[in-house]
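Consider the two complexes below, in which subunit A is the common component and subunit B and subunit C are the respective partners.
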Partner chain A sequence: MRVFFGMRDIDILEPRSVEEAVAALAQHGDEAKVIAGGTALVLMLKNQLVSPAYLISLGRVPGLDGVTYGAGVGLRLGALASIRQAETSAVVRQHCPTLAETFGKVANVRVRHAATVGGNVSEADYASDPPCVLVALRARAVALSPRGRREIPLTEFFRDFYETALAADELLTEIVVPEQPAGARQSYLKFVTRSSEDRPCIGACAWIDLDEAGVCRELRVTLGAVAGKPQEFAEAEALAAGQRLGPDLIGQVAQYYAEHIDPLSDARGSAWYRRRMAAVFVRRAIEQALGAGGEV
Partner chain B sequence: MPSPVGRSVGMIDADERVRGTVAYALNAELPGCLTGRILRSPHPHARLVRIDTARAEQLPGVIAILSRADIVDNPALYPYFGPVVRDQPVVALDKVRFVGDPVAAVAAVDDDTAQQALELIEVEYEPLPAVFDPEEALVPGAPILHETFPPQRGAMSADIVFNPSEGSNQLNHFKLRKGDVEAGFEQAHRIFEHTFRCPPVQHVPLEPHVAMALVEAGKVTVWSGTQTPHNIRAQLAEIFQLPLAQIRVIVHTLGGGYGSKCYTKLEPIGAVLAWKARRPVKIVLRREEDFLTVTKHQAVIHLRTGVDRDGRIVARKATNYFNAGAYADISPRLIKNGGYATAGPYRIPNVWVDSYAVYSNIVPAGAFRGYGVSQAAWAYESQMDMIAEALGYDPLEYRQMNVLHDGDTFATGEQVHDMHYRELLLADAQKAIDWRPGAEAWWQRASADGDRGAGSATVSHKRRGKAITCVIKGSVTPSTSSASCKLNEDGSLNVLTSSVEMGQGAKTVLAQLAAEAAGIPLEAITVSEPDTDSTPYDQQTSSSRTTYSMGTAVTLAVQDVKRQLVELAADQLEIGPDDLTCDEGTVRTRDGSRSLSYSDVVRRSRRGNLLGQGTFATSGGLDPETGQGIGSIHWHHAAAACEVEVDTETGKIEILRFHSSCFAGRVVNPRLAELQVEGSTLFGLGQSLFEEMLYDGGQLINANLSDYMIPSFKDLPGRLSVSVLEHPSAGEVHGIGETSVPPVMPCVANALYNAVGVRITELPLTPEKVLAGLARRSEAEA
Partner chain C sequence: MKKTVRLRVNGLEQEVSVATHHTLLDVLRREFKLHSVREGCGIGMCGACTVLVEGKPVSSCLLLAALAAEKDVVTVEALGRQGLHPIQQAFVDHTAFQCSFCTPGFLLTTKALLEENPAPTPEQVKAYLAGNLCRCGSYMKIMDAVLDAARRLQPANANAT
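Here is the complex of A and B:
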């Protein structure tokens, strides 16, 4: 099917299998764009931010929309699973309620029905919610190309504004969220400065693994929407290892983030504001993950 | 028969609305219709050097391209439009004046072709210096948008005083001079001076601007989503130099208007393109183009207020700059409403207002729900709380002390009646949020409990605050509405009106009023959509005037029919007309002994139907030099009350509860009236918290709904309530469509202040501004 959109003719290809999709992508490479839910891509086409000759629609590719759990593997979110599906999935809610809630904070229910997990991650918009949580959970992206299958840790997946580690001929097929340690708890806070359906001005995820005595084995904190990709500072996280997370320590971590991010300015908040919000939301996210209230 | 007036009958078009079968202009189709698209200027200000459409014309499927070549020196066309001053060309002639200014238009067989053709039009511009701020635009030496006005045609509305300063960007100047303001300031105990600003915002109706046109056999027909069908007709008659009777404007139900669809917008370009194409053409604006078509006025208001020793306001001087953008649209009138409104609903003996409409190189501003009063109220209601604090008064009591009473004179020098601020509106607002005089203002809380806001705060970093505001708003005066009706021989009634249904329930309310006047059930009534070939003149569906003005005209038209009914029945029954009454679809003798149904009377008369006519014209107007006279046929008033919770770590404001009180005189449909007030409140909340059109060097950078935010249902206050208040002394209907917008923004700002002591004088009240204010305050305290 050929359409005229975004000031050019575009051929829409509708592969019927993952293999066909990968082959089509290999054949057209730079000239092609994958389209899943289309919620992001159609806007990009309309505004002529991208102008591919081919759109490879995943709409008819079977087997990419599962949301499953396997013991020892963790959660597997098919690239074509809708965000709504991920939000409401019983296994996601059971094994990682914070992740389910995060999907539930994306846009509004209409967008969540159309948008896909793979599309959200591949778009790599700096102001998305799921990426910083998936990074904190040490999820992996599974990519397929004629050269084979590879797994990319999400910590390496996001490169910069709208830039990922996916090669032009690679298809994202699923996101694997590994089994989390028994003592791990997470929180994600989405802070919006305009309408409640806005993208985040800042998103903060805290991931804490506590031992039985309540001492922190490991702390991870990721910040979304403050820079080109989710921000995480190992030096600050290391402050918490082997410590009890009291107000002073939490404050130190929060301060570290606030001082070390290089925040952007946009209509949702200036760099000045984002830096201050980093301090507030790193602290609140940690407190929330600890179950200390810290409501937004 | 029980009157349907005063009852919350459902909207008569509810079924179509729910089924999605409302015939919006957006969905209108004509055989052979072409798609029209508009090429727009990328420059805020530039001379149009060359425009070459040759390549675009060769594209298969392109039927016509309209550019200045078609209209310059074409005696068949007058190329300008504008409801007051004809300053806006159908397409750019010599210059472009804002990013988005139409330069050319294409009619093609489909949208894709039209869009491709746009890219093939070659335009050469010579950029000119541009100016965007209304105060900078008035500085001598600023780039001038309109060096001269084109030769004018036609008339402007009776209420408008047009005071341009040619050769400058001052488009109009409204003056109000009441009492002796300098003497007032001299006698004042204290004088307060502040400046308030608000940004341009957009109406965002769900249905964008739409026009479909056909020029055939010397007749121009336009289907338009407009709130002002008769104004469109008059302007098209000027452009095509045809009699009014040769122009036909057909309007379907609108998918929202809010003022954005008042006066000519797309109709001239659509109709002239159809003329050139010799085929019907339809133009539907993209959302981003809607943002480039009309906005609310950005405004800067300098307010100087003098009070005496007892806190009474004795003098006010206001200098208001309304940014009109690149073309006049209705700015020359709006600055009048936004001018006299700056006095607020207060007894002020000495008032001096200079209200300016100023051209600048941004999107033209026009009518917007609240109509200039929002900008004025943002200033004076913020300042009321600032003054109350400085003088040590409770903000509510301070208003009660100064507010207008029945029989007082307003800033326009006219006596005002039906003023119910104290016993109705403010009392209702107070009750709704449990305002405790002496304990709610920021400074009162400081002295009362030492820890401001502690009493009601839930979490330590959150602070709560309340506020109450009130406003006064006029309705366009003088104005005229006319209606007719047909009583058919089965007793059913067609109401023919040019009032536009835009979701506000005009059809329903007019049907209720007609049913009451006719004494027939609501189901027997059909209300037309506007069609200037058959529905009578109406000035506009705006200014909160339809229920009052058109409602009165419809009632008069029905009474006209009833008079004929009675006369005919008197003949038929051989009895004097004075011995007859009409009700329940029946003409009866007063003793009840004999009767004829309406249907019998019409049949027996062999007239086919009875035609009734009613015209309602208000009179008034203001003196051009002093702004004294009759500003409004009656005055609309409203109050607002809210409680907010402010997160002091993020600066974010949450609206815990919001209550709007609106005076309605007599309510025709309680539920629909409440919905208007609820809608107004949400409109105001969006503008309070985040709505703002952002420009970068004249380029609008958030002209879409991901970057420009409007409230969603999740942004509703925790509790939202409204009162639509009646008073037995007020027999008349008061307009309520807009009155509850203006009090919202200052109400939120004052509640914010009472929560955390941060005063913000520039909308919107973003978390960042609040946080910056908190930071400044703690620095100052340290």
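Here is the complex of A and C:
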């Protein structure tokens, strides 16, 4: 792992502002890679999956590591906030405990200290935890380039394995998690098959908005780690609208997901196994969000 | 490509010329001869290369040395300067190791844990140390040592250590 055979010379640039970082990215384009916490990128460099001439480090860029809450806006997670910061943030815990818990389920405490929220989302690894939950929460990514600022809904941000909607010259500056409806509740279940701090075999997020009578206004279910990007099926979600979520209906939704995903096979589980586990974890995620089910 | 950077390791500042692709792990071992920092997996999973950066445990195998410039880096060599640190003493007293390859990583992670949370429950210890692997399987003794170290470090017990 430590032999950098044939790797090209890398120059490290350390911009001191967001503007400088965007300018450096625009100037070097395909020759450059942004590096934040480096926990994913250094591995890619070691394995020669990327070989940039320039690394644009965000380590000295101020102002991108805030985690704040604004009424009517929701939670704003700066791209450079560490995953640990997001996990332990009082405002994230207060306004979206499931999201704080999800950040707490990423990797191990060392990776969570070094890795950033923006790096996790930009890496777009199929077996990451936060993307699944951020999609269910209808979060948006804020991207900045010389052409200006734009917001990308996370439902459109993840394209495929390690592929996002970010253009080569766009910097991710923050993730905005909109204010959730008063009746909304969520859960995220991370199913690991090797060790507690491994990436997931399956990640299942359920988001449920209930009215005062306990009838479901809207259900969202996102499944992570089964395909190139988080999977969500509107047809299955629609089954729940206007209904009480009882065992039969929950089972129907879970079965729909199990049948309609096109699961991959990797060291954490075969496609066959993932399909079966998808049925189990969709069901449990919905039950847990309802407060009906216990811990896994 | 080489880059001259100012690293602050165990309180000492030093200018070193590092290759831009070298990790902090490489530089701590080769330039600083700090051999408590060990390469196990090389992919951030095992914890053998743990160092504290600004007081927080990180995998030095995943951090480019050039990007650690001007940050406070601590290795286990800084712990035992005036005799064993109470955490080290607790590990010795509980024989919380066999081959000891993983021990420096466990000690530093424990230090960070106890600074954040001076009286952790066994569950909290497990969660914080889950990413440090001990292939000899000394986990039970490590748990005892960490809980004991927490007790020893409580201000009320300072004299007893």
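For the reader, a short list of remarks on this structure follows.
Throughout what follows, the second predicted complex is superposed on the first by the 289 of 296 C-alpha atoms of A that agree within 3 Å, B and C clash if a C-alpha of one lies under 4 Å from a C-alpha of the other, contacts with A are read in each partner's own complex, and residues count from 1 in each chain.
The criterion applied here is as follows: a contact is a pair of C-beta atoms (placed from the backbone, for glycine too) under 8 Å apart; a residue touches a chain by one contact, two chains touch by 3 or more.
From a predicted model like this one, the values you see are computed outputs, not experimental measurements.
When the two complexes are overlaid on their common chain A, residue A:L25 makes contact with neither subunit B nor subunit C. More residues of subunit A lie in contact with C than with the other chain of the pair subunit B and subunit C. Of the two partner chains placed around the shared chain by superposition, neither subunit B nor subunit C is touched by A:L80. With both structures placed on the common chain, the touch criterion links A:I12 to subunit C but leaves subunit B unconnected.
Using the contact criterion defined above for the overlaid structures, shared-chain residue A:A114 touches subunit C, although it does not reach subunit B.
With both structures placed on the common chain, the touch criterion links A:L43 to subunit B and to subunit C.
In the superposition on chain A, A:R194 contacts subunit B only, with no contact to subunit C.
After overlaying the two complexes on the shared chain, residue contacts for A:Y273 are found with subunit B alone; subunit C is out of touch. Note: residues 4, 7, 43, 108, 195-197 of subunit A belong to the subunit B contact set and to the subunit C contact set alike, using the contact criterion stated above.
Of all residues in subunit B, those touching subunit A in their complex are 112, 115-116, 119, 459, 649-650, 652, 686, 689-690, 694, 701-702, 706-707, 709-712, 714-715, 766-768, 771.
Residues 4, 7, 43, 108, 191, 193-199, 201, 267, 269-270, 272-273, 276-277, 280, 293, 295 of subunit A touch subunit B in their complex. If you check the complex, the residues on subunit C that touch subunit A are 1, 3, 20-21, 23, 26, 39, 42-45, 47, 50, 53, 56-59, 61-64, 66-67, 109, 112, 128, 130-132. The touching residues of subunit A, counted against subunit C in their complex, run 1-2, 4, 7, 9-12, 35, 38-39, 42-43, 45-46, 55, 57, 59, 84, 107-111, 113-114, 195-197.
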